[in-house]
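Pasting a structure here, questions to come.
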Amino acid sequence: MSDGLEALAETSTEPLRVGVLGARGRMGIEVCKAVDAADDLELVAMIDQGDWLFNASDAGAEVVVDFTTPDVVMDNLHWCVDQGISVVVGTSGFTEQRLERVRTWLSHKPGVGVVIAPNFGIGAVLMMQFAARAARYFESAEVIEQHHPKKLDAPSGTATHTARLIAQARAEAGLAGMPDATKDEVPGARGADIDGVRVHAVRATGLVAHQEVLFGTTGETLTIRHDSYDRASFMPGVLLAVRSVTRRPGLTIGLDALLD
Amino acid sequence: MSDGLEALAETSTEPLRVGVLGARGRMGIEVCKAVDAADDLELVAMIDQGDWLFNASDAGAEVVVDFTTPDVVMDNLHWCVDQGISVVVGTSGFTEQRLERVRTWLSHKPGVGVVIAPNFGIGAVLMMQFAARAARYFESAEVIEQHHPKKLDAPSGTATHTARLIAQARAEAGLAGMPDATKDEVPGARGADIDGVRVHAVRATGLVAHQEVLFGTTGETLTIRHDSYDRASFMPGVLLAVRSVTRRPGLTIGLDALLD
Amino acid sequence: MSDGLEALAETSTEPLRVGVLGARGRMGIEVCKAVDAADDLELVAMIDQGDWLFNASDAGAEVVVDFTTPDVVMDNLHWCVDQGISVVVGTSGFTEQRLERVRTWLSHKPGVGVVIAPNFGIGAVLMMQFAARAARYFESAEVIEQHHPKKLDAPSGTATHTARLIAQARAEAGLAGMPDATKDEVPGARGADIDGVRVHAVRATGLVAHQEVLFGTTGETLTIRHDSYDRASFMPGVLLAVRSVTRRPGLTIGLDALLD
Amino acid sequence: MSDGLEALAETSTEPLRVGVLGARGRMGIEVCKAVDAADDLELVAMIDQGDWLFNASDAGAEVVVDFTTPDVVMDNLHWCVDQGISVVVGTSGFTEQRLERVRTWLSHKPGVGVVIAPNFGIGAVLMMQFAARAARYFESAEVIEQHHPKKLDAPSGTATHTARLIAQARAEAGLAGMPDATKDEVPGARGADIDGVRVHAVRATGLVAHQEVLFGTTGETLTIRHDSYDRASFMPGVLLAVRSVTRRPGLTIGLDALLD
């Protein structure tokens, strides 16, 4: 299937050479498929536990994508930066201390770029950006997230984060509390209170991962909704990072920075 | 504006003669407008506080619509039934005792019909019927209602009623509890528990009165949504009752019975 | 995962013995998984091309599910009915002539039931039932279906069928044409006209199979929405048929009849 | 009711003095109500046909809101600018030639601001901004607008404008055409083609003015929806302009510029 985002790539004659670390993992498999399917990228190395990292440099990888584990990702990153290979990282566990070490490594390699993102879903990232931007213009804002019933936390991390962004934007704009005349409430009906923003968590078999942010002011509402159907939804974001990282020396945190 | 429901009327040459009690009230004004605009109905009497009820019989009203107050509605009803005039009642405050008295009056007047309905919104009534019917086929069901922020109760009466209908249908079908792995909940996130059905109440400026009932089972969801934008939304239901009441001798409670 | 619909089964001590024909096909694999996961059903035979049908009777199958092909399904059905085994059929290609032959076979086997359904999605079937039922009470009705962009036809078969059901219900209720003042239309903006009902087909990467039926009358709208996320969505309907078929001697066409 | 946007006002002791031209018109009445209800604004003059413009200056108006007609708006504007009064204009009919004349007048009055906006709905303006911004990251984009059936044009002007913004953003990002395998189409099913973006127009009694912009890429969709329920929905935008105009000397076109 043609990928509409390929067009974002620079019009170069040579495809970009990409290696994947954690290539046999859940996400790694998807990344290999997505890179392989993109005309402007060439999958040159698929590396997992027990394989040599040198396979990546031997294969001439210009960018490496790392979906491994917190205990190996720092070694992988150090090696790649040393070799002058740019890296896109989806592995979790990055503390401020770890980020500082990455910055130090990169300071010695001015041409190398590293993108570390906790969430490669472009739709989710845009939803949060738009929510933060709209928040200051509406009297009311609530978040309704909907997930499969096997989810352990309620509300979801994304919903909590969205609510905090909205609360912060409202505070900066000097907005007062939202109007709410509720006097007679069955406990829980009005949802969870996250920094003054009400968040509702719906759970139902059949659902995957969905979120709606509702803004209201006199006579109108604005709703931003994100529906995620499967793991493959992260791939456009990963490919966007792969295509951008060689043009962004130094450390970039979050997909937000690439969406401009 | 043409009213698609007019077509439900029998093809008679003479329009049905309709009087309105409480004609200067909020709802009464709307009823007068709606009756006046319908080709198969004729508005023959507009009566309010200080006017004689006899105006209705003098004008030859065959049906009277009553949107008055609990303290006068019983006298109005008694008088109409005595006169052989059928009545459509939207006034609230009907206890089982009151209903019993109406039945007694009607037992002496076999040709007269009375329709008493707490809610003339056809959409809301259908939503509840459909929800009750779908409930037995889905593992999960939740209710999300959305209203303007001046509303005092949460959840709304309609949402609570819908949840109870769902719970009852599930119990009759022998369904077990809904799957929900939530372990880590910010208080309120999962909504109010109404007979085992989760109900979420959203409040935002700009909203009017909206409700969504979400059903989920393996790989699919079914959603029934009702949006009410203004008071006029009750008129098609009132007109449906007006057109049906002369063909339904005795007491009919709720719009449900007319929707078959 | 527990299946809420299991509860519909009669409280018997012995699980129902089920065989699957076409067990290695796309749908057959899902059926085997679903039967296997249900506490009140036992998967006793998985049969595909090259296997003996007798495996089903030898294993004591009480119900057989057939997801094979139009060229073998009639032989399968004949054999099962002969053996006194009830059948649930998801295979396509049933002409009126074929159905007549099945009826003839069943007339000699009064205890055997056969359910043939073109669509086992409970949500889709309920959506159509509700749409047909709501249609007579609303001035306006439109259908918006949304699918992945690899779909060849627009609108979808389900959308076309829904529109026809709405048109038929409106005709029976004597409803006039829908109000529509459009004078200045960019070609196609108002959708396809299916028996007087406007149908809109949206195509976008990321979508699976979704449909919304919108009804409107004065001041309110009622929306029925179905979202199908994957093939597994047919399983609750298949299991419902499996559990019902032994109690329904003779031929039953469509899931509708089982949803009452 | 408190207006959340008031908080955007500078913390001044004195309320801003506002006059309204076209005060007895449909929109003017709403503006008067909204200004009157805002704590930080004072309604000092309500002027309509037959009244003297001097009433505004005599009353000490610092800002004038003009919702009049194309044939008088230029005279009003010229007079206000001359008097050193800033103006917010919702009247239509501004050609490039007219705008140029306004710029000339303003060049002689460096402290005066004029805001001219074709649409004061903050939600609609944000929807279009977000749509333009999201467009480059998604393979697919379609617009579905929903309006009352008395509307003459299909699709709406806002939908057409949104589609053009999306098409332009896609072109700038070098995106190819959207995937669409449709081979068998009932005419109109796929909507109107506006610069390569499909636009669907739904019409139903009960609806007011609604629009959904759907974006899709692998495994996910992002939807931006705007619902406008009544004319009052323009008031937060008008008040935002009133509060901003004295701090924005010269000519500002469109609400967009104020939303930053």
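Note that the chains are named A, B, C and D in the order they appear, and that numbering of residues resets to 1 at the start of each chain.
Here is the rule we go by: a residue touches a chain if its C-beta (ideal position, glycine included) is under 8 Å from a C-beta of that chain, and two chains touch if they have at least 3 such contacts.
Treat the numbers as computed from the prediction; the structure is a model and nothing was measured.
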item	value
Farthest chain (mean CA position) relative to chain C	D
Rotation angle superposing chain B onto its copy chain C by C-alpha atoms, nearest 5 degrees	180
Chain centre separation (chain A, chain D; CA means) in Å	33
Where chain B and chain D are represented by their mean Cα positions, the distance between them in whole Å	38
For chain A paired with chain B, centre-to-centre distance based on mean C-alpha positions, whole Å	47
Chain A, residues touching no fewer than two other chains	4, 138-140, 178-179, 205-206, 215, 217-221, 227, 229, 233
Residues of chain A that touch chain C when the two form their complex	4, 205-206, 208, 227, 229, 233
Residues of chain D touching chain C in the complex	138-142, 144, 146, 149-155, 160, 178-194, 198-207, 214-221
Parts of chain B lying in touch with chain C, wherever the complex brings them together	1-5, 7-8, 34, 121-124, 126-127, 130, 133-134, 136-140, 173-176, 178-179, 215, 217-236, 240, 259
